[in-house]
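Structure incoming, see below.
We call the chains A, B, C and D, going by the order they appear; numbering starts again at 1 in every chain.
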């Protein structure tokens, strides 16, 4: 019997995220040609994309939309019973919106919103990916052939959501979904500016950061995993030559110790190529709480975080309908010499 | 309420392992100078060693002994209640040997043996590592300063045990300890030759492989983690120049997809430097079962597994009291020209 | 004034090599899809291929032929005068075969054979590569966009030729072409088994190794450069999944310290993906001479060199017209359990 | 016979540089503990340090001095005759200061200054390094055991000098020393802001950049080589935890394509950990000339060059006697939240 005080372990991991794009053709080419994902299914307004390491059929649903942003985020439960438990618990919070029949690749799902209004769903039944002959791998313990196209992302790694008020969303994720909080930023006035959470030993799967524009339901970024730091550097080489706007060149995060590269996909959404092996094995882990002064030191190696990283999210609410805040790296004019 | 059919999630991870060595001074120098570990505590017959990423005080207890091998392996429980549950369950199997008061860095522990006779213990109370000033890291989310000495292993990664009969040990680990089986080798005659198991999404934490000598309680190897494949290559460069016998040069395992380097520490025990990001997120993962024919293909990139890898374990029972089966790489005579 | 004893510095580097293949379509797909080269020109029997880092139009000429092997190897001179000097010197040796008008991408060339009969040429006039719009790089100091397809080789790195008798070929390369000898294998009976030579600080550009079959004019392998060791590992992952026969998995050469991966292209020729930064800056460098006993220790980290590496060359003279001596890695049957 | 118009090839490479430090003990600990160099010799005011890949006895002479900066830079000639030729040529320019008897590890040297006043010398006779037993490598083609301490730099890679007027120094290096110019920055008004030059295929060995303070004889930085990009990242991890001020975190230069990490050694001198395999094989290479607008785009992946990189050199002439312009990374206060 699980006592009341024992942690909730009903959810396994974030299964997929739906990204909205006003430029579906360009976004699709970006994810296929430059991120190296495979098209697993299509319907009228969406394309379902997978990394070579996804054990399910896809981890990214790309959907045509007037504005960019996140459509929904889906979390896989540990079991049918676990799914029922979480659905019932969320139902009691009043944030539930009910069951749907499912989608490509997975069965019935319970939908709800987080306190900030991001649409989420829980599901258990899921197809295991069966590769076609041309994508059959040599070894049976990997789901798909490694073809190494573009950045060759392996799978969706984490979802970073903007929230008008971080604290209630962080509590909801902890208390209703069973996320463990590994790191936080708490401002000098006590407000929470960010929360890094996970269902596993991985250093983060779901992140909330404060939306400085005071909006609701927006996306900061989706992050996709590669196996090595060298692959993050290689991705930057690729993005540079492909004229993709690089918001933040490869470096190492202080929080969660991940290697990062941030770029804008053509629809205007920020996406990250990431890797890292900062695992949290401690069952009694106390969240690391960062102060304002500490965060001001920048990233791990002292790189200052670019301003847009703190101000831009999708959909953009600055008056421009779509489009990344910066031009491709190789096209930026300037005045400094060096 | 946890139903009877739901998986056991009471144990968090392997906390430490005790390695026996007949050459304690030389072994200590190896782990400090070449593996880059720090001495955290000492007593009369043991030295307690840590990697820079260990959140507990140590993950390796090195103990003087007439013969090399494994002393015991310790697993941390998720909670005090979880510890009680597992202790009670093991007690019922008849393999329990009772509670001990604890050791450096952790509190009371329940001791038992696996069916093959390896000594194990479960514990929950553990000291969180507090670095001395000279090992204080710049960032508060890592436990210790990265000084980069030698191979600079981060932490204990997995324990590979030889067993006269793999199957009952695999079942015990699953049913009593809650390990999930991710990969197996099953021979054409149905006998199990190996089982790769984990308490987390990491591809393996505990491995049993068949002891071809038919002995009990022996060690195949302890593996220590580094963050990147490049660091495994760098470790090989270091071992070569330090005259450490390299049993298997860096390459990639087919099973679990880990990058490996196998060497012998001076006491005669096989130890591995490893990395990998093959994570098992699927809550309904079906173990990958490898056949004899498949395993005969060698490692991932086709490297043939060296013969000693299948025959040597500690303690050695071939008649030689101690010592690795091969001389340092740079000292091996031969006849081929290359 | 240049004294008679000063070294010849008339030749700059190996500009391209011509590879013969009985399976031109399959070989072309291999070099384009898996090695990531671009097609720069074609004519009736040949396709001219370039790596993303080649400053000239191509470094590989792939030519249809009844048997695999090397067609010719071309070396660029430092200047027109230097070209004249070397042509005149070779003419005096009796090994010259005269001037040709040139080929795609370069002007008139002086042709000759080395003592073993490999066809070579010297040239100076060469087109600098001008990328089409779709391959224009972001930065003007690299010749071509990095698209990262397959192993994404950067350029031809070195040519390894089999020779019935190494010594006279090594001397010819030194005395007539100005190659510096950096490493050698000399057998206990005094015969030379290999010579590693370069025109630059790079550890090797031209290698001769003894042809154990006693044949003439054969190819051991062509090697293509990538920037990092991690890319060599990544190339192995790609080759494995593409069912390309891996002759030797990634490891580190003792001689010249290069990281290697050896595979067979579909025409049966051995090709290497390599990297390394073992530079020879010493103007008075004394060649490192390896003995039989030393070479028997295997590669740098102790990996035993696979038997075919010492016996197979192209064209094959064992009676089989074409085809690599081993099947794709993932298809090899066997009997060991590992 | 060498014609008058043929390039000068008399000099082989930069053999060593002398760095001045007002804090000799702290600087020595930095180069030994953090850069991983070995002490090869000492005298009253200097310590001679080597990287594990230096074929000569040392590449860094560290000398106590009132102010930081560069003492001298030494270039090895290709031969005794080549040394005589260059000395005679420099003598004719009026910049020669005559012969000295030599120093630890090398014989007589011809001293001179470049037009900006940096002291330089040419030499030929040099001791080949003979390692003591504890530093003897396993393989005879590397000069020293790889012990992997700290960043484990391999050798001095390049010297970057500040000059009041770049053009005459660039011309002197070309015309008297035989350096080839591979890249340049030329401002819109025609002034040269930087020149990247080399004696070999390596992308740079000697660099001049404009001294914005209008001073003479100052040092921008010394750069030390490591073999892989991953090692540059690892060096940043080490410097962070060792409280070394990181001026510029690892990223990739647009010019010369090198990976970089810039830090300050305790004496106040900027030093770089670098790697790269951008080789210039073209004997007719036309220098890449960068415009003001292009340089304003920042480094390869768009990272803005930090202001101090353009303003700080040693000795500092801003009024402070010594000390780096920035505090250790982990100690910087700030105000942004990230």
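Definition applied: a residue touches a chain if its C-beta (ideal position, glycine included) is under 8 Å from a C-beta of that chain, and two chains touch if they have at least 3 such contacts.
Bear in mind the structure is a predicted one, so any value in this text is a computation, not a measurement.
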* **Neighbouring chains common to chain A and chain D, by label** => B, C
* Tell me which of B-C and B-D has more C-beta pairs in contact. => B-C
* Computed distance of Cα centres, chain D from chain B, in Å -> 44
* Asked: How many Å are there between the centre of chain A and the centre of chain B, using C-alpha atoms for each centre?
  -> 33
* Structure fact -> Check: chain D positions touching at least 2 other chains come out as 139, 228-230, 237, 240, 300, 329-330
* Structure fact -> chain B residues touching chain D in their complex are 137-139, 145-151, 228, 230-231, 234, 237-238, 240-243, 329-330
* Asked: If you look only at chain D, which of its residues touch chain C in the complex?
  -> 1-3, 6-7, 9, 12-13, 55-56, 76-79, 81-82, 85, 128, 139-142, 154, 183, 200-202, 225, 227-230, 254-257, 275, 277-279, 281-283, 285, 288, 290, 294, 300
* Name, in rising order, each residue of chain D that touches chain A in their complex. => 185, 187, 193, 229-230, 233, 236-237, 240, 246, 249-252, 259, 292-293, 295-305, 309-310, 329-330, 332-338
